[in-house]
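Here the structure comes first, spelled out in structure tokens, and everything after it is commentary.
Each chain gets a letter, A, B, C, D, E, F, G, H, I and J, in the order it is written, and its residues are counted from 1.
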Amino acid sequence: MSISDRSEVTKMIVSAKVRKGLKWAHIATRLGTSKEWATAACLGQMQFSKQQAETAAELFDLDDEACAWLQIVPYKGSLPSAVPTDPLIYRWYEIVSVYGTTIKELIHEEFGDGIMSAIDFSMDIQRQADPKGDRVNVVLSGKFLPYKTY
Amino acid sequence: MSISDRSEVTKMIVSAKVRKGLKWAHIATRLGTSKEWATAACLGQMQFSKQQAETAAELFDLDDEACAWLQIVPYKGSLPSAVPTDPLIYRWYEIVSVYGTTIKELIHEEFGDGIMSAIDFSMDIQRQADPKGDRVNVVLSGKFLPYKTY
Amino acid sequence: MSISDRSEVTKMIVSAKVRKGLKWAHIATRLGTSKEWATAACLGQMQFSKQQAETAAELFDLDDEACAWLQIVPYKGSLPSAVPTDPLIYRWYEIVSVYGTTIKELIHEEFGDGIMSAIDFSMDIQRQADPKGDRVNVVLSGKFLPYKTY
Amino acid sequence: MSISDRSEVTKMIVSAKVRKGLKWAHIATRLGTSKEWATAACLGQMQFSKQQAETAAELFDLDDEACAWLQIVPYKGSLPSAVPTDPLIYRWYEIVSVYGTTIKELIHEEFGDGIMSAIDFSMDIQRQADPKGDRVNVVLSGKFLPYKTY
Amino acid sequence: MSISDRSEVTKMIVSAKVRKGLKWAHIATRLGTSKEWATAACLGQMQFSKQQAETAAELFDLDDEACAWLQIVPYKGSLPSAVPTDPLIYRWYEIVSVYGTTIKELIHEEFGDGIMSAIDFSMDIQRQADPKGDRVNVVLSGKFLPYKTY
Amino acid sequence: MSISDRSEVTKMIVSAKVRKGLKWAHIATRLGTSKEWATAACLGQMQFSKQQAETAAELFDLDDEACAWLQIVPYKGSLPSAVPTDPLIYRWYEIVSVYGTTIKELIHEEFGDGIMSAIDFSMDIQRQADPKGDRVNVVLSGKFLPYKTY
Amino acid sequence: MSISDRSEVTKMIVSAKVRKGLKWAHIATRLGTSKEWATAACLGQMQFSKQQAETAAELFDLDDEACAWLQIVPYKGSLPSAVPTDPLIYRWYEIVSVYGTTIKELIHEEFGDGIMSAIDFSMDIQRQADPKGDRVNVVLSGKFLPYKTY
Amino acid sequence: MSISDRSEVTKMIVSAKVRKGLKWAHIATRLGTSKEWATAACLGQMQFSKQQAETAAELFDLDDEACAWLQIVPYKGSLPSAVPTDPLIYRWYEIVSVYGTTIKELIHEEFGDGIMSAIDFSMDIQRQADPKGDRVNVVLSGKFLPYKTY
Amino acid sequence: MSISDRSEVTKMIVSAKVRKGLKWAHIATRLGTSKEWATAACLGQMQFSKQQAETAAELFDLDDEACAWLQIVPYKGSLPSAVPTDPLIYRWYEIVSVYGTTIKELIHEEFGDGIMSAIDFSMDIQRQADPKGDRVNVVLSGKFLPYKTY
Amino acid sequence: MSISDRSEVTKMIVSAKVRKGLKWAHIATRLGTSKEWATAACLGQMQFSKQQAETAAELFDLDDEACAWLQIVPYKGSLPSAVPTDPLIYRWYEIVSVYGTTIKELIHEEFGDGIMSAIDFSMDIQRQADPKGDRVNVVLSGKFLPYKTY
């Protein structure tokens, strides 16, 4: 049967990853990108280049049709509900809920009216060793885009 | 009339801040904390110590009752709707939506099952100069908390 | 009583506009901007410069505190519900609902993965004379922002 | 098995388009319509004429039953949720949210009470070259329909 | 205090109507319109002409500011929730729910793709005597607006 | 496989109708009812009599099990979401939203407290020729049911 | 200030009832109705006759304007949310949730297609002594209204 | 394939009931329970005893695995949406909406704080002959459970 | 002005508690109940006895009308949204979300079909010293209520 | 076919458990954990160790791919709707709704600002014999995590 939705390819990738015991770090190396971009792409959020798609097809045993779908821009959004139920992801939603107005105030105080881009954006997740318990350290970098009068 | 909700004090603070033309950076210096914590606290998300509350009372011309309310733990959550409409804050919601499963996968690959704490947590927002347009650089640090078998 | 929310200033402006019988076109001329930006700003969606705020204060009989609030970045979003009930505004929601995937496909076909910015954005609304009934002609212009591999 | 819903035909079309590497511009030329109408029609939002359906059947290898379904008026609405999660489409929702009341005010100021039709409507999406980064230029044209006293 | 929202004027009208024991039929006669339009207008859904507004001001003891607001196009939508709780209004929602797809099919079979306008629209509600119990007879008339290929 | 839900039979009917190119008007004649009742019944909203079910089975090539299901009272409600996205059906939702309180007021003024029945109810949809564009004319007739004191 | 909503009168009644320590049973006797109707009416769900309104005005110290409002049909629905949070009322929602399809099946088996009216309806709530703990006994009586073919 | 959810067994039962033309009254007799309990149980809301499950298996031609599932406590709740769309079931939701606060007041007046149990509960639905049209008579009996101070 | 809702009394209590610096433990001792019941009662979830209400009136400087309201059963539910935003309360919602089906399975395995009562219920919250960080220890006790066949 | 989601494995486990008549207590013993952890893990909420997964595979006849999936951290959240419809689980939601603010107040009074962890957490469910009817006794233990100033 034919593929009519990128989510079908995501399922194939996720299934192959578990079956073959692959690691995201390894997949990223093969794709030649950061682990953050590679994971998001494999989970159906980013468009692959032709070469990346071919590497992915090899890694996950995908056929030509699936490979073609990886090169199409997907309908984005990875969560099954507006407020996520998964505890790890909810903590991020909570950060937006508790600190949302704070982030807004501080970016406006520094830059004026505008936003921090979620498109011209990158993310880096690292383990930070700490004697009181290791920490997750995440760096988010987004271009500031100003509103303009016209 | 009496105060029955922290949000009334938040309104007093916000109102005084505009009226007096205060900056969050200055307020944070006076409170002796990071600008992120100070802003969140003034916006009704954190509990003030006695001394911090007194400083805030002085900064924002609050009376004793308002000052007492700052020392009570507030009901948290700063947004008026589950999916925020404000463009700057929405971009953060979008990051959670697009990258939520990615963040989950990478933290689990590095740490195993558990979460990145939103309580034992700190945030640092900085301007990052860039010839192609300055960027907002945000560092989030949260302790990893493992699920345990029992 | 003090102002603690931009929406209070919006109410003052809207009230004064009706009371004084002002037109948006006239207000825009006074503010020195397009009528689209001027209207959005007066309806609480944009930050005024100091000079624009002073002009607005004069136009709408606002006091200094209201004038200060106009220079603060507002919490944006002008609609009382996620799906608007007003028939004119609903038609725009319907355009997004019916043509949303079409717009997505065509922008991606032309530009690749990315978005049309709603920040680096302008809008122009004009009457288009037509013997079969005049038309509303709206031009939207937004910078294309590409997703990048990192 | 039989087809009981237009969305099944949309899936066939989308699947064939990726498999065959077709472009919307090319499909539109073959259908003899604008690329905007052609894309919306193929994505399940418009009714095909007999001739257009036959062309589509040829382009996408559809059988007679699918071809018959293209000539039926579909249940419209292309988005999986009331507030879209896809960043490109969300930006359009945001434009409605931020500028909704502005659009309403300006159309009423120019035309009086009524709406801009989303039925007697056309849309044109173009690349606008710009040294600071190319822009997406969209022209929306809708007939003004006045409310009348009765 | 100033008026900043048409709903405030609606409240004044509704309040005066009860206080003075007025009937909608009488109000409509005074406004020179159908009772359906007159009622909708008084309940905040339609724009009054200058003369109608002055008549309304007299009928309901409104001051000049309220009278000016009646001549502004209101934000429409008369219900407090997406699914109405009031049994009489719910029955109409139920008609749309149960017969919605039927209405769609029959209009399309007769007219092709398009809609029945809710703007170029009128409604007439009458008592229909019936020995088995009188009936409410409602005639809805809306212009058919066709979708066109472009 | 067995049928466990009326919606499966509705799909069979809809599928056969397209495949065979049947018209609702013709189907209604065969069932011996109005086109409104016949369409609603075929779309899964009404219970068929034994004879009507047998006629339907013949028209749509249904087997005995499907025919038995037509004689069961279905779970009613034909729309996939509380607020319909389809433009034609949405216009009816909009009529309820804009005119809901008007309908309520006028029925109460004429009849006192009670409702217009959506059960002891009929509907008639006709084309109304009009030089300015043909109109859809819909007559709704529902028995008035009074609330009683007890 | 004037009354513009029945809910304001409900608040006056509820307030007076507590202040004066009245019982619903006593109020019902005074109004000459069942305690169920009387309570629903006082809580803003039913229209009072002139005489009932005058009795209520006396019982609850209402002025003429409030008394006039009692004789207007109210916008019905007594709950603040679609799914009630109050445990006693939730149990009734749960009965509808758990037994809803059961009630539907049994009424249809006995009566054919149609509904149990919630308008031509009465309710009687009684204590039923029981050695294992007294029970609440509620009798609901609603006229069966059949759907008819037309 | 294996069964992993009680709802699959409910579908088998509903399907067999239609196919075999069984009545709930007959099924209840065979199960040795009231028709209300029997119907709710067959519709997936109650746990069967071993003997009841075996009788059901015989009545509906279920295999051993389905029979085992009937003896497992199901996840309850029979409705596909929080506010039911089916007119018969909606009327019950409406009774809760209109009379909810009334029921609460009268039970509290008679019994004090507590609830009417929906667990230690029974329901009896009967036809009540009436010259003006037969009525549905429903008796609900639930144990009163008091809140206690602790 | 008169009180028409228990929530007004809750606000008075909360306000007085902060103003006077009272502790829940102390309030509970004065009311002669557990701290859990006392807190819930003061926050508007429980009915006070006459004596408890008089003690509360003294503690919080309430007048006779407020004191009368404390003896009325309140409309329960203490949260402003279906999914709580406050991090502490959300963790409890998360426990229900993650462990809900587990709790259901284990209670049914031990007791058969039925529920753990939330009415015949008590709760005890204690600090549990722990060298790795003190813990919150909560004991919930609810009577098991079995479903019965009838 | 391949597995692409943990919920498929949960279905296999649930299906096997019913088919084989296993008890959670027995499963827990085999896994060497508490019955609470074991049940949550089997219902798709926890990650299995390699050894636990192999034991589960043996108990439930799972193949290697399913066994691999058990060792992956699942997307958590066990309920099909934000407000659960199942009566047993709803009672827990109700406890959070009625006692949520109470729990918050008492933990803050004892510990200051912070939360009770739902990650460093354990739960124990026991039958508590009681002559007036046995009770469900649940002990929840969660580490207190303080917010800190930074």
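Definition applied: contacts are C-beta pairs under 8 Å (C-beta built on N, C-alpha and C of every residue); 3 or more make two chains touch, one makes a residue touch a chain.
Just so it is clear, the structure is predicted and the values come from calculations on it, not from any experiment.
The fewest steps needed to get from chain D to chain J, moving only between touching chains, is 2. Over half of the residue-numbered contact pairs of A-J are shared by just one pair in H-I, H-J or F-G, which is H-J.
Contact tally for H-I versus C-E: the pair with more C-beta pairs in contact is H-I.
Chain C and chain D have Cα centroids separated by 24 Å. Centre to centre, using the average C-alpha position, chain D and chain H are separated by 46 Å. Note: centroid distance chain G to chain I, computed from Cα atoms, is 28 Å. Centre-to-centre separation of chain E and chain H, using mean CA positions: 41 Å.
Within chain F, the positions touching two or more other chains are listed as 36, 75-77, 79, 82-87, 94, 97-98, 101, 104, 108, 114-115, 117-119, 145. Touching chain pairs in this entry, ordered by label, are A-B, A-C, A-D, A-I, A-J, B-C, B-D, B-I, B-J, C-D, C-E, C-F, D-E, D-F, E-F, E-G, E-H, F-G, F-H, G-H, G-I, G-J, H-I, H-J, I-J. Of all residues in chain C, those touching chain E in their complex are 11-12, 14-16, 18-19, 21, 80-81, 83, 85-87. Across the complex, chain D is touched by residues 33-34, 36-37, 46-47, 49, 52, 73, 75, 101, 104, 108, 112-115, 117, 119-120, 122, 145-150 of chain E. Taken together, the chain J residues at the contact with chain G in this complex read 83, 85, 87, 90, 94, 97-98.
Partner chain G is touched in their complex by these residues of chain I: 2-5, 65, 68-69, 72, 75-77, 79, 82, 118-119. Listing the residues of chain F that touch chain E in their complex gives 23-25, 35-36, 39-40, 43, 45, 76-79, 82-84, 86-89, 91-111, 114-118, 121, 123, 125, 127-128, 130, 132-145.
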